[in-house]
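Input: structures, listed below.
In the two assemblies presented below, subunit A is common to both, partnered first by subunit B and then by subunit C.
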Partner chain A sequence: MAIAIDRRSLEPWQDPKAQPYVRIERVTKKFGDVYAVDDVSLSIFQGEFFSLLGSSGCGKTTLLRILAGLEYPSSGRIFIDGADVTDLPPYNRPVNMMFQSYALFPHMTVEQNVEFGLKQERMPRRERAERVAEMLDLLKIGELRRRRPDQLSGGQRQRVALARSLAKHPKLLLLDEPLGALDKRLRENTQFELVNLQERIGTTFITVTHDQEEAMTMSTRLAVMDAGQIVQVDTPTGIYEYPNCRFVARFIGSVNLFEGKVVERDGDEVLVETPLGRPMRMRCPQPLALGSPVTVAVRPEKVRLCAAFREEAVNQIRGLVEDIAYLGDVSIYHVRVSPGQIVEMTLANIQPRTEQALTWGQEVAMEWSPTSGVVLAD
Partner chain B sequence: MASPFQNRPRPTRRASRLLNIGVPYLWLGLFLLLPVAIVLQISLAEPTAAQPPYAALWQWVEEGVLQIRLDFQSYRLLWSDSLYLASFLNSLQVALVCTLLCLLLGYPMAYAIATAPERWRLPLLMLIVLPFWTSFLIRVYAWIGILKTNGFLNNFLLWLGVIDEPLAILYTQTAVYIGIVYSYLPFMILPLYANLTRLDPTLLEAAADLGCRPLRAFLRVTLPLSRAGIVAGSMLVFIPAVGEFVIPDLLGGPQTLMVGRMLWTEFFSNMDWPLAAALALVLLGLLVVPFVLMQRWQQGALEDRP
Partner chain C sequence: MRRQRWSLYTVLAFGYAFLYLPVLLLIVYSFNESRLVTVWSGFSLKWYGELLHNRQLLDAAWLSIRIAATNATFAVVLGTLAANALVRHGRFRGRTGFELLLTAPLVMPDVIIGLSLLLLFVALQQSVGWPGGRGFTTITVAHITFSLAYVAVVVRARLAQIDRSLEEAAMDLGAHPLTVYLRITLPLIAPALLSGWLLAFTLSLDDLVIASFVSGPGATTLPMVVYSSVRMGVSPQINALATIIVVFVAVAVAIAALTTRGLGSTRTGRRPTRD
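And then the complex of A and B:
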């Protein structure tokens, strides 16, 4: 884990002098009249676990396939480790891909599948055998070596696919929904395994996923995509705590959105007037003109019960509990604060549920601090 | 048989099961085993100049004594006269060469159709099947017009200046090859097409991703995965081609020895039904053995993967 801490503390994307390892430069891909990828530029650094996150059809898979060389971009360039690979066919790229369906060769054993790429580069037999053994060992699938793909479980196939794509020691590993075909429990375990594996071997990973939780757990950084464009690139924390627009705020986790307009600036805080009545005071370092329409975004877990409610206090609000979802560790409360607005609040169940006072129809007062949310300009 | 219905064998269910199993067996017995048994019986009879031209296999010589005469003369004749062996070998050779040619021609065609854009596939398949709408006999006759000394092909080649005098193709073994390959090509293409359309294109992408150029990817992935289609197509061509009669008779020359023709001659010209029957049975045996072997091989290939 020491490597992990080291790597994360480095955060090369913060360092203006760091050279990106993978550079996507103004890449566009059109299918007919449809822009699958629309003018995307992205820098990814060596050793990163980078995720492309978005709903289906947002262009993330197309971008991954362009990196693999399976699609040719309509315009733009791709650089890997300083070299322009845009015109290289897939079989000449220092890149390997793990396919969503795994695409294991059904007529070959596990061992032959893993060996396949090495044979193509004419690696000597001895070395090849060593590498295959190393890979089978790395993914703990040594005892499956003589089996064929149809004799494996979903989790085992996933490991074989990973071993096969790592066997050539690629500079960059692309993973298309690597955990998509696994059931929920297996997926959660595999997330951590995948991260540990990546930290151990140090290969740069780029994954594509539609599962925000997966992207948050695994990635060093992630890019949220929508309609062929990148909406925001940041660390999981950055994306979650400081979304740059309503789309990102809503895409990752739940969020309460209050529309309003800026009425006053006070240092790096602004006062936002909302139709709910009292103004909200929020931290907002970015410059915003007075009177401009904004949206205040506050995550449900940052909303807390208010001990001393005062009519004139900022960031306090009152309402009636409408719905309670008991999830065991936490409960989610839907509180109606106005005919058109519900505030979602997540409270940890510190006391057993039966001991709790909050119930349906009850009036509650809630509050949050100015640093608990963001002001979005859109 | 862990069926939930196992516990209640109602009479109607038993009857329907009997019907389900019984009908195919009845069909097989009536239209396969019985005819083969009749042919076997004829092959063991003695040829006579009568109607039908063979002696009965059994007769009551006196009260309570049944005499059965099995005449193996026909089989001995098959073995002793090298003409029959030669015709068998020649049939096998023609069928084998034609199967290979069909494979070489049919594979690229099936591959092209299977990889063509979706909307092109059906029209292309229709083009393959279209000749079946014309009588087989007419299509073979048409080849006479194409191949004869003053036919389309020779005139065309003469016009091109490729040859100075007409080639003698008609009434040679070459014409037989052309005819059989032409007639049986669809039977090679259709199973191959069915097989190749099921091939997952991501497998080829994976091969490319792992460093395979297109040709190598074809040899290492597509070809081995289409083995079942190759075997099925080859059997569909090889088996009928061995016993083919019409094509060698119409397009082949007098020197074209093929079993089908031999059989016809024995049956209709020489009126030697027992010999013809023996010939037919040996041919059947020769075809069944490789069929069973291939079936088993394919079974093995199927068990290797889903």
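And then the complex of A and C:
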């Protein structure tokens, strides 16, 4: 019981009684004839680190700007903490945004940048100074207080932008590609820092990113967007392990897709017949009519070498190694199983590479278990 | 290689000589003792002294400076408003026409501007009784009409460079649109406002043709005095006056350049260091 309560407070979206903190209700935004955001509904809970993930032009930034009040939706409503903010201008919203370009005011020092928002709400001077000091401290940029933005490095600017957007203690912080302008190494470190910071201050974060790895590492939940619509909303694990369509499966990580049709149901498993000849037995809780066309999706790391290959067994397949990509910790093998299909298999390099048996042109047998993939209805 | 560099310097020297030798000559001869402008007879400051007692010339200079300053101030305000409309208000109705009409004075011959404004002023005076006479007001109004086009061009370029997200960020942090304009936009376009002001000031100080059309008796600007006195024969006093103006303008331009550089570095300054 105690565990159940704990889980509910950590995952409020599992709790039917939980009140969403941010509610997006059927929001549509048209630019001329183009639907940038197309009938999107979302509920985000207090303290979440929520990511909007999608390729460029999918409408994720427009949705973020609608939340900030920088764009107004063509239809639909936005609620934050129970209040309808749809028609509020940006300067009256309890929301702050960190811009992709950081948008630091070039004619002000770091300190003045952080102080700007506090001055707008006419906070007394004493309190203001304390808050600025608190923010500079929180992001460890105290020694930069007198510098101007052009005297800062990319990483430092990012911190100043974050300090400025957090200074007013917003109910909701929006981050547009928060790590997009940083180089790779710095980005990885900053990911963890950002998550730690968010956990410490407890503010609800909504970020926009096109980097799936970033979204996976940082978010409590994420929404995958395509062409202005939300395709799937789930935890990183849910999105990765149980994608609900081919688009999501392919967008996050790599995946092997086998087209086929359902020929038999056996409890919560189905038997799928594919052109590759051998049937596949996969777990499939959702009801699917016999004969309906489906796609079986299996992640490369779920594919393993098969010790005992039998002609009549399910979920086994044979092919020739065509390509090997050695990445150090793992190797990726491209195995041709039919003229039109390659199966990707990732194996941990337990042995040094020189002692590995697999080589180009070699015949290998592979298998996977019925629970290590999903069946996607077409 | 060496030879090429030498020839480049020669070309450069000729270029500078072509532009500045006449001015230099003018300055040198302002210290000439002789009454004849082209004959050097010894160093003297006497023409500066005589200049100080030439009421006509000093009055004209003072009038010109007042006109130039008033003109520049109005032109900056109006030109900035026009630039804002063009850059910030998207494709409003009649935008193309507005843009065309705004920039037309840049290519319109001075004679046409001057003549048409004169006709306008006369017609206005006959129908509504304003302007009462031609002088300071009419010249200033005439100068504003063409200076604001120059200001608009300068400010518009700067405004277009400014990252929109700076203004959005300010709004997001709780600043009302007016505060955003005063605290963010204006400081960022300040260098353009300053150079626009100086440009309008110089254009006005410089103008002979338009001023001749729209001025009346008793309102004579400096260029008009200089021009008419040259027809009588050049007095070295003009050289002295010109020298003062050259120094004045050089100092103003230097100040403008320095302040612009200081403010400009906020955008294009030195590259950030990597951490």
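Definition applied: the second predicted complex is superposed on the first by the 369 of 378 C-alpha atoms of A that agree within 3 Å, B and C clash if a C-alpha of one lies under 4 Å from a C-alpha of the other, contacts with A are read in each partner's own complex, and residues count from 1 in each chain.
Note that a residue touches a chain if its C-beta (ideal position, glycine included) is under 8 Å from a C-beta of that chain, and two chains touch if they have at least 3 such contacts.
No experiment lies behind these values; they were computed from the predicted model shown.
When both complexes are superposed on subunit A, subunit B and subunit C clash. Note on subunit A: of its two partners subunit C and subunit B, the one contacting more of its residues is C. In the superposed pair of complexes, A:Gln156 makes contact with subunit C only, with no contact to subunit B.
In the superposition on chain A, A:Leu173 contacts neither subunit B nor subunit C. Legend: residue contacts after superposition of the two complexes on their common chain; A:Pro89 is shown touching both subunit B and subunit C. Once chain A of one complex is fitted onto chain A of the other, the partner contacts of A:Val27 are absent, as it touches neither subunit B nor subunit C.
Once chain A of one complex is fitted onto chain A of the other, the partner contacts of A:Ile317 are absent, as it touches neither subunit B nor subunit C.
Overlap of the subunit B and subunit C interfaces on subunit A comprises residues 68-70, 89-92, 95-97, 99, 101, 103, 105-107, 116-117, 120-121, 148-150, 164-165, 168. Across the complex, subunit C is touched by residues 68-70, 89-92, 95-97, 99-101, 103, 105-107, 116-117, 120-121, 148-157, 164-165, 168, 183, 186 of subunit A.
Taken in their complex, subunit C has these residues touching subunit A: 163, 165-166, 168-176, 179, 183-184, 187-188, 263, 265-267, 269-270, 272-275. By the touch criterion given at the top, residues 68-70, 89-92, 95-97, 99, 101, 103-107, 116-117, 120-121, 148-150, 164-165, 168 of subunit A touch subunit B in their complex.
On subunit B, the positions that touch subunit A within their shared complex are 200, 202-203, 205-213, 216, 220-221, 224-225, 304-306.
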